[in-house]
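Just below is one structure, and these are the notes that go with it.
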C-alpha cells in the first residue's frame, strides 16, 4: 500500500496546485462571467517576480509580497486598460481580450526577465516527510495549506459579506447592480486585484515544486480551467474539489494505468462528470424562467 | 554581403533550446563580421523565431529562400520543425544545417541537409556503454512525451539490446508536469531494476531528479544530453542532483578539460564570449548553433563562393573542424561527422560537473 | 424636485427621445402614458443613468445629473423599478432585497425588509429561494420591493402593474398612493392608464419620443382623446 | 374529441407543488383562459403542456394522442405553439427573420440542399418570407421588419412573439400574458387577433391578468390557486364565484372593472 | 435594378482578392503566406458556422484538423489510398467522430462546452503524439504528394509549389465560403441562429435543437478536417501540433477577431492572424507583445469583430 499512498500524496500535491489556479478564476468569473485566460500569467508572474526579487538579494517573504502586490496591480491595470473599456462587449470578445492579454504579458515578461527556467528554495527545506511509507515534500504541504486558506477566505467572502454579494450581483445583472447603487467598475477592479493576487500567491507557493518560466502560465491555466469546470465554475468549493480530484485522477492513472494517457484519462473523467452533471460537481444551476 | 538564414524556436515549448541558439548566432555573426567577415564579405543573418511550430518553420524557411534569398539555412531547433524545413531546402536547393537531434534527419542522407548535434541514438549508446561498464543489466526508463523525449526513447529502445541491458519499467511524463513520483514509484518497485534513465529536456528532468531524491530510490540516475547546462544543477538542487550522470559535450566542462584537449580552446572561447555577452550560462544547445555557423562559414571560405551548391559541396567535405560538440568530419555518407568520442560521460559531484574516467 | 429640459437620447443612429421637457414637484405623483415604443422606458433609463443622453438636462434636487454615473444616482435618492424586472436571478429573494439596501448598513434595513414582506407576503415565503424561480408576477413584486429598499426620495416605476393579478394591481396603486404620505415623489409609467391616472396628480402623454399633452390627471382622464387612444373607452 | 386535454397534471419544485392534479380540455375554435393569482402555477402548467418541463404526474393529450413530456419541437410538429411570459426573442436576428423562424417546420428541408443553395431551398425561404411579412403586417410590425429584434420596445416584442407563434400551422396556441405591457387600446387589437385566430378553428389556451380581456373573449375559464384548480366555468359564473373573487379578483378590482366598462 | 446580395458581394470580393493580389507579389513566399491564410480561412469558416451562427463554443476544433491532416498522411502510406481520397476519408472520419462526440458534448453550454471540446481536442492530439508506431509520434510524419500539380503540368499549366497551393487553397476557400453563405440565409442557417438566440423558443417553433447543433458541429468538423488535409498536403509533413489546443484557440481567435458571425469577417480575421507573425518579424523580440496588443485593441475598439464593427460605423455614418 505505500505505492497507493505515494500516488495519493502526489495527486494531492498536483491537485492543490490546480486548485489554487482554479480558485483564482472564480472571482473574475463571478464578477463578470468571463473566464480570464490570463489567469495562468498571474501565476507565472507571482513566481517570476519572486525569483528575480529573491535573486536580487531580498528576503524570500519580502520578494513574495512584492510579487503579489505587483501582480495585483497588473490585474487592476488589465481591468482598467482592457476589460473596462470593452464594457458591454460580448463575452467571446472579452475572452479574446484576456487571451491577448496573456500573450502580451508573456511577451513582456520574456523581455523584462528571460526565457530560462527558474526556481527559488522551498520555504521549509527539501527533507521529505514520511507518511505511511510514502513521502511528501514540505513545500507540498504549503501548497495544500495555501489552497485551503484561499478557499476558506473566498467562501466566506462570497457567502458572508455584502461586498461578495455585490460581486455576484454584478455578474448576474450588471444593470440592476448599478440601479441598487453598486459601483460596478469598482467591483471589477477589486475582482481583478483579488484574482491576480491569488494567482500570484499560487505562483509563489508552487514555484519551488513546478519551477517557473515565462511560458509556464498556459499549461497551468488550462489545467486550472479544467479543474474549475469539473467542480463547477464560480464556486470556490468546486475549484478546490475539482483541482484536487483532477490531481488525484492524474496521479492514480499514472500509477496504475498508463503515465502516457494520464491527462487523457483525466479529461475523460471530466467529460463523464459533465455528462452526468452539466454544471460540474458544485456548479449553480441558474434558474431562468420562460 | 552574404545572407545566411536561420529559423529557430526562440519562444514556445522549445525556447529552452532555441533561445541560446538565437543568441549564439547573433553573437557569432557580429564577431565574424568584426573580424572582417568571410572571403572579404560581411555576413548578414536573417533570423526568424518559429515558436516551435513546424508549420511556421516551413513558412519561414520559404521566406528565407524565396524572399530573403539566403545562401544557406541554419535552424530547426526541434525535429518537428527540422522535418518540415527539409522539403523546402531540398526543393529550392539550399544547404540546410539542422540543430535537432533525431537520426532521421541525416539517415538516410539527404543531399542538402546536415546537422550538428549528436543523434539521440548516440546519447543512448554512450549511456548504455557506461551502464555496461558498471555491470547494470536491468533499467527503468522514464521519458518526456515531447518530441525530444519520445524520439530519444525510441532510439534507446532500439539499441538497448546491443548492450545486454533490459528495460524492466517504462514510464512517461508530460512536458509541463509538476510531479513524477507515481511513475518513479512504479520504476522503483520494478523487479531487479538497477538504474534509471530519464530522456527529456526542460523542467521535467529537474523535477524527476528532485522526486527521485524525495523517494530515496538510491539507484544510479542517468539524464540525457537534453539537460546539459549549468542551470540544471541549480534547478534540481545540488543535493538531489548529486551522482547524476549524463552524456555531455566538452562545453559543459570547459574549465576542467585537460590542457591538451583539442576542443579546449574552442569551448573556452565560446563560453567566455557567450557568458560575457548574455550574462547567462552557456548550454549545449547554443553550442549546436555555434558549430553550425562555423561549419557554414568554414565551407563558404573553402568554397570561395556564396553559391548554395558550392557551399553544400564544401560543407560535405568539412574535415577536422573543431566545434563545441566535437571534431567534425563529414562525408557524402555522413552529414553529421561526429562519433561517440565527442560525448563525455559527466557526473555531478558537489554541485559541479566532473568527467567520469 | 426633478426637471427635465430638452432631453434627447439615441440608440445608435436612431433618436428615441426628441427633446423631452417635464418637471415633477416634490411629493408629487406623476404618470406618463403612451403607446408601445413611445419612448417611456428610454426616458426612465435616461433618468436613472442607464441610457446616455445626447442633449438636454436632467436636474434633480437642484443638481444636474447628466454626468452622474448610474450607481451614484441612488445615493442622491433616485430609485428605479425597471422594465423587464431585472432582478438578480441567481441570488435568493432575501439577497435581492438586501442588495436593494446595498448603500445602508443600519437597523432600518431589517425593518424595511419586514415592510416589504408585509407588502408582499409571498416574498417572505420564498425568501431563501433563487429569485429566478419566481413566477413572473412574483418577480415584479420583488423588483418593486427592491427599489423601495433603496429609500428613494424619488421613485421611478416602469409598468409596475405588469403581470400582476388584479387584486395586486389594486395593491400596487395603493402603494403608489401611500408614497404621498411618505413624501416620496413618484414617476409612474403605466399601460394601465386608467389606474395610473386615477392615483396620479398630474400626467404626461408621450408619443414617438415627444410629450404631446400634459395636465392634471383628472383632466387627462376626462379628455376624450385620451379616453379613445389609451383607455379604449 | 377535444383537441387538447390535460388530465391530472402535476409537478413539484423542491417541496412546492406548483401544479397539482389539474384537468381540463380545449376544443377547436375555443378560447380557454387560465387565471389565478401570481404564482398559482399558470406558466408552469404551460411549460408542462408545451414540453419545457417534464410533468411529475398526469397526461397531456393532443388530438387524442398522448404527448406527455414530448420535446417542444415534437409538439410543434403536431401543431402546438406558444408565446412566453418572459420574452424569448431571437435577439441576434431581424424582426423579419424572427417571424420567418416561425415557419421553420414548413421551410426546413435537407441540410445539403441548404448548404448548396439549391433552388428548392431558396424557394422555401422565399415562401416563408412572404408568409412572415403578412404576419408582421397582421400584428402591426410591418414597418419594423428590417430592424434588429433587440431594438424593439417591450410591447412590440410581445407582438412579435405572437406573430412567430401564429406562423405554424397551429392547431393549439398557448398564449402567456399576450397583453402584458400593452395599453387598453393595444390590448383590444390583440383581442381581435386572438378571436380571429380562434374563429379559424384553432384551440387557444390563454393566460392573462387583464380581466376585461379574459371576460370578453373566453369561452371557458379555469381558475388556479396554489397549483390547484379552484373553479371553472363560463366567464360570468367565474366572475361571480366568491372563491375567485377572494383569491384573485379582489373586490375593488371587481368594482373598477365594472366602473369603466 | 442591379443589386447584388450580400452573398454575391462577398464571393465576388473574395474571388477578386484571390485572383488579383498575386500581381503584387514580389516573391514566391507571398504565395505561401496566401495559401496558409486560405487554409486557416477554411477552418475558420467552420467556426463561423458553429460559433457565429449557432453560438456554440468549441476549443477543440484543431482535433478535427488533426484527423484530416493525419488521414492525408497515413491513408496513402498504410492503405495505399490516393491522397485526394485520403482527404475525403479524413473528412468522413471527422464527420463520424464529430457525430459521435457531438451528441454528449453539445448538451453542455457555454464554458462547459468549451472545456469538454477542449478535452476532446487534447485527446486527439495525445493519441497522435503517443501512438508513434502509427503516427510517427511528436516529431511528425511525412505526407505523400497530391499529384495534382504534376497533372496540371501535363496540360501545360506550369505552377511552382507555392503558386499551385495558393490557387488551390484559394479555390477551396471560395467553395467553403459559398457553402457557408448559402447556409446563412437558408432555413437551416436561420434555425441555427434562432437557437443561438433562445433554445427554448427555437424548439417551440419546431427546431430539433440537439439535432441541429449536431449538424452544425459535424459541418464545422468537416471544414476543420479539410483545412488540416490541405495543410498536410501542402507541407508534405505534419506533426501533432496541428491538433494542439493552441491551434484550436487560434482558430476561435481568428473568427472572433474578424467577426464570428460574418463569413468575410472571419476570413479577414484569419488573414490578420496569419499575416501578423510575418509582419511582426521586424519587431523580433517584441513580436508577442505586439500580437497581444493587436488582439486587445481590436476587441476593445471593434468589439463585434473587425468587419461587422467597421461596417456598422461605415453605414452608421452613411445614413
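For reference, chains read A, B, C, D and E in written order, and residue numbers begin at 1 within each chain.
The criterion applied here is as follows: contacts are C-beta pairs under 8 Å (C-beta built on N, C-alpha and C of every residue); 3 or more make two chains touch, one makes a residue touch a chain.
Just so it is clear, the model here is predicted, and its values are computed rather than measured.
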If you tally C-beta contacts across D-E and across A-D, the winner is D-E
Would you mind checking which chain's C-alpha centre is most distant from the centre of chain C? B
CA centroids of chain A and chain C: separation to the nearest Å works out as 42
Which whole number of Å gives the spacing of the CA centres of chain A and chain B? 35
Rounded to the nearest whole Å, what is the centre-to-centre distance of chain A and chain E, using the mean of the C-alpha atoms as each centre? 31
Mind pulling the residue numbers of chain E that touch at least two other chains? 130, 200, 287-288
Among all residues of chain C, which ones touch two or more of the remaining chains? 133-136
Touching two or more other chains - residue numbers and ranges from chain D: 43, 52, 84-86, 88
Which stretch or stretches of chain E touch chain A in the complex? 51, 57, 104-105, 107-109, 111-112, 114-116, 118-120, 122-123, 126-127, 130, 200, 245-246, 249, 252-253, 256-257, 260, 285-296, 299-300, 303-305
Residue numbers of chain B touching chain A in their complex, please. 10-13, 15-16, 19, 145, 171-174, 176-179, 181-183, 185-186, 189, 202-203, 206-207, 210, 213-216, 231, 234-235, 237, 239-240, 280
Under the stated contact criterion, what part of chain E meets chain D in this complex? 178-179, 181-183, 185-191, 193-194, 196-198, 200-209, 215, 219, 261
Taking the complex as given, what residues does chain E use to touch chain B? 26-30, 32-33, 36, 129-130, 132, 137-140, 142, 161-162, 231, 235-239, 241-242, 277-278, 281, 284, 287-288
For the complex, give me every residue of chain B touching chain E. 11, 47-49, 52-56, 58-59, 62-63, 65-67, 78-80, 83-84, 86-87, 91, 102, 104, 145-147, 150-151, 154
